[in-house]
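In this document, chain identifiers A, B, C and D correspond to the written order of the chains, with residue numbering beginning at 1 in each.
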Amino acid sequence: MVERNCREVKVREIRFLGTWDEPSDFVELTLENPGWESYRPGQFAMLRARHWGLELPWGRPFSISRVDAESVTFFIQVVGRGTSRLARLRTGDEVVVWGPLGNGFSAPPETPTLLLAGGMGIAPFRGYVERHRTPESLRLVFAHRTGLDFYPYQSLAQLVHAEAIQEHTPEDLPGIIARLEEVMDEYAEGGLVLACGPTPFLHTVQTYALKMDIRAEISLEKTMACGVGACLGCVCKDAEGKHMQVCARGPVFPATGVQL
Amino acid sequence: MVERNCREVKVREIRFLGTWDEPSDFVELTLENPGWESYRPGQFAMLRARHWGLELPWGRPFSISRVDAESVTFFIQVVGRGTSRLARLRTGDEVVVWGPLGNGFSAPPETPTLLLAGGMGIAPFRGYVERHRTPESLRLVFAHRTGLDFYPYQSLAQLVHAEAIQEHTPEDLPGIIARLEEVMDEYAEGGLVLACGPTPFLHTVQTYALKMDIRAEISLEKTMACGVGACLGCVCKDAEGKHMQVCARGPVFPATGVQL
Amino acid sequence: MDLRVEFAGLVLKNPIITASGTFGFGLEFASFGDLKRLGGIVVKGLSLTPREGNPMPRVAETPCGMLNAIGIQNPGVEAFLRDKLPLLPWRETAIIANMYACSVPEFGDLAGVLAGEEGVAALEVNVSCPNVTLGGAAFGQDPKQIRKVTEAVKKRAKGKPVIVKLSPNVTDIASCALAAQEGGADAVSLINTLLAMAVDIRTRKPTLANVLGGLSGPAIKPVALRCVHQVCRKVSIPVIGIGGIVSAEDALEFILLGAAAVQVGTANFLRPDQSFRIIDDLPRAMLKAHSDSLDELRGSLKLP
Amino acid sequence: MDLRVEFAGLVLKNPIITASGTFGFGLEFASFGDLKRLGGIVVKGLSLTPREGNPMPRVAETPCGMLNAIGIQNPGVEAFLRDKLPLLPWRETAIIANMYACSVPEFGDLAGVLAGEEGVAALEVNVSCPNVTLGGAAFGQDPKQIRKVTEAVKKRAKGKPVIVKLSPNVTDIASCALAAQEGGADAVSLINTLLAMAVDIRTRKPTLANVLGGLSGPAIKPVALRCVHQVCRKVSIPVIGIGGIVSAEDALEFILLGAAAVQVGTANFLRPDQSFRIIDDLPRAMLKAHSDSLDELRGSLKLP
């Protein structure tokens, strides 16, 4: 794994996703590469705008969506104070980034691998698919609420077999869960399921994986202060009920090794 | 006097002054007129960018430089946290403005009136000259440190008899003071001297005005929290040594009525 | 939505009261909002005789907060009653007199002067000003003194509600609140400012001429919430929450803890119409908490 | 510029020490800066036996600050000595063990375990953690208890410097410092966090599972400066300043008040290289204060 670092880098591009005229709440943020030679998809980075000042003492964690020689890309949904400040960035503004952090997803070649994404949980899978040695063994199922245009879905659908299911109303949920389980069944033998998304989504995946004994990894989200394992603010419980830092020991955990 | 108000208005234009390539520390900020029908030059307004958040709980006071039907203009020198945030504004950004505040300068028509400006203290005189009923009775002497281009000087020099003196080194000071006093002498009889600038500059003007019994008004600067006379954080002493709020009872005081 | 609140004999249009020292005598803000819309106005601290206050500088901005050491500059209670009170909409909005004194008898006398005034809805006793004596432990840091002052004020208050304003600069604020209750207070308000200081490395001097000052603003809201929580669990009289409130959401946080009403201080400097904006915003914020009733919200915090 | 500081038997490269609980065991930050460059590292609070700490959520962001109620999760002192200390550059940088215990004998035992370790430069006694017991007055809120704990630790410390870390949640912090001095402390460090709380109006629950937590960060710097000022005027032992330091200028403010050194806590979350940046920046900040000597700067505050 590369040496992680903390750097001030410039915004190369910031783009609001979607087709509406109104600025949406979904942003694609491309930064200068802070000197990362490689990373493992599923890893994340902490971001803060250089001009945030002190009101928000913490950076914010985001999945690294892709990395190339010049740049690194994040997809950010505006939900609060930090994300709305990030959404006001403009090309040339400076951002403090530290990463790559955490462990990332397994990527065994040749293994039938199902990528389950909920909402912005799709972000890390872009780089995952791009970097996978046998992308033909991958398949994506994407559950989402707002329009597909707000997510980096189409670009992924060009690379792997992909299917999107929209949740229009809460009544759609049972159907979505049924569909997820149906597809997961296909990976019960010798396959791998990777999931990233909101906690209820992960819960569905974990419960079914444990029940059917399917090998699965889930990527957790917690509020993070340091991102590097120091503050002990982001812990979850392992199978024995012991606290472990999501930022340092995760964010990706085997479904069998973590309590949601 | 017009009813003062507090409004969110948009930035119409923001322009860094000067001729260099580097962005300077001097900004001309033009905002939508927040519904001010008239104002008295020498009055000020409190500004804060809508997106400042809570780190800086106070607005910042700036002299109103000019007002027309559509817009109001301020000249801002970047000296600290608030001014550097204001300098990062861009067209269309929102600014919270309350004003016009304070009392303003006397503007008796036909009276020979000397305007003494030190540095950014020139800002209020732009509107003063424009609105004066007999601008031919006005004359400006401008003491400054950085280049003339950083101040709204040339536009003023086109309207009134104007003279600029630059302080290159501290050794220039005695000469500048001598020149100020020399010009002030011409206003001893029936004239009026108005001064705006840093405190040592005001002190020079006040001392000489009192000594020579010249009618003079000086505009004070204090750190301000509320700008409306409520917090009692900006007080100075009147001739009897009683505390009075600079924001509400000033910022312009007769030279005889205030202790610097 | 009905925002009215009643407690300690007061009936307020809404629970938003402006805090002492941050809203002048109210009139300074009349052009930024209709004073009649406020739940109440606590005026600048009043003393028996006029006070010039502390030397300058008296205020300093700090991260998400500010320091002040005004030293209760005020024209004296008589001038207030003569020059300010008649101009205030006291029939529509509760005008609360904030009382500052340096001895128990002086507090009693001040109460005596104010108690006879129809336009004064209640008395708020400031036992906590940390500004005035350098490093000085104030009345407000000793429950026994708090009780004595409360008794003295209550005796002369002619039935007007007496609110005792508590200092957070103590090991145990709940005991202070209890002392006020035992002294006969009709309500307590908290918190006053945190004793604090700032330093200018360029001049090597304290930023405030008074050296020490009081910290207020959003920075202290978490401390204020803790204090209000501790006090609400200890006393049976109404509690007014103060400290770092800048939004309707902030106000509701205190009400969830059990506060009858709140005071808005430093937020009045964010922009002069902020207290009015908080009132406008209150119904929307209540819906966030899934309620349309302040009574239902009050004290409904779910503890583990 | 010479940034070395010596006090209480410690010799530090510079006065910048990372604060307990905010820098893990140091190793977490090794890829962001050279740990050998730090004046010192105070490790996460250690207890005799491993602790799982408090339930989640444990942290909350507040305006210019944060709350934490970690509950001293730690692998226990033995695991620290076995697994972490050998990996730290303890010959070059002072590694200070932060000790957490719930009784006087336990503190003594903990000191006994740590005192024999060459790699431990000093012991910091945390008598002030307000997180662990809901609403609980801790050791650190009673001078008598502080003295007892200090004596117990000092007795077992085998000559290692003992630093007592003080809580600001008291009426009179200077008396607490004096009690530590009388108990034999070689230095005091202050402040620990302010007892505080946050509330989520949507869920109507306290944001922290523990209800109460400790407030830290820039928001509390003015309170920390006041406490350090009060303590420096009262005790003769060295004082380590803590609270809201995010820049070299902030560090100098504490040194002007008389602090021998400072600790940087929450700022390590602003960005993980912040403590290293503060060290880099110190010479420039000293020039702002017109000095090139920390000794000259220390305690040179001009009081009116």
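We take it that a contact is a pair of C-beta atoms (placed from the backbone, for glycine too) under 8 Å apart; a residue touches a chain by one contact, two chains touch by 3 or more.
Treat the numbers as computed from the prediction; the structure is a model and nothing was measured.
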Steps needed, at minimum, to go from chain A to chain B via contacts: 1
Relative to chain B, chain with the most remote C-alpha centre: A
Rounded Å distance, chain A centre to chain D centre (Cα mean): 35
Centre-to-centre distance between chain D and chain B (centres being mean Cα positions), rounded to whole Å: 47
Multi-chain contact sites of chain A, meaning residues that touch two or more partners: 54-55
Multi-chain contact residues (two or more partners), chain C: 63-65, 217-218
Category of the chain touch graph - line, ring, star, complete, other: complete
Residues of chain A touching chain C in the complex: 54-55
Chain B-facing residues of chain A, complex: 51, 53-55, 81, 85, 88, 90
Contact footprint of chain C on chain B as seen in their complex: 3-6, 48, 54-59, 96, 98, 222-223, 225-236, 242-243, 248
Touching residues on chain D, where the partner in the complex is chain C: 62-65, 67, 135, 137, 141, 169-172, 194-199, 201-206, 209, 211-213, 215, 218-223, 225-226, 229-230, 244, 249, 252-253, 256-257, 285, 288-290, 300-304
Sites on chain C touched by chain B in the complex: 21-24, 28-29, 31-32, 44, 52-53, 56-61, 63-66, 68, 70, 73, 217-218, 246, 266-273
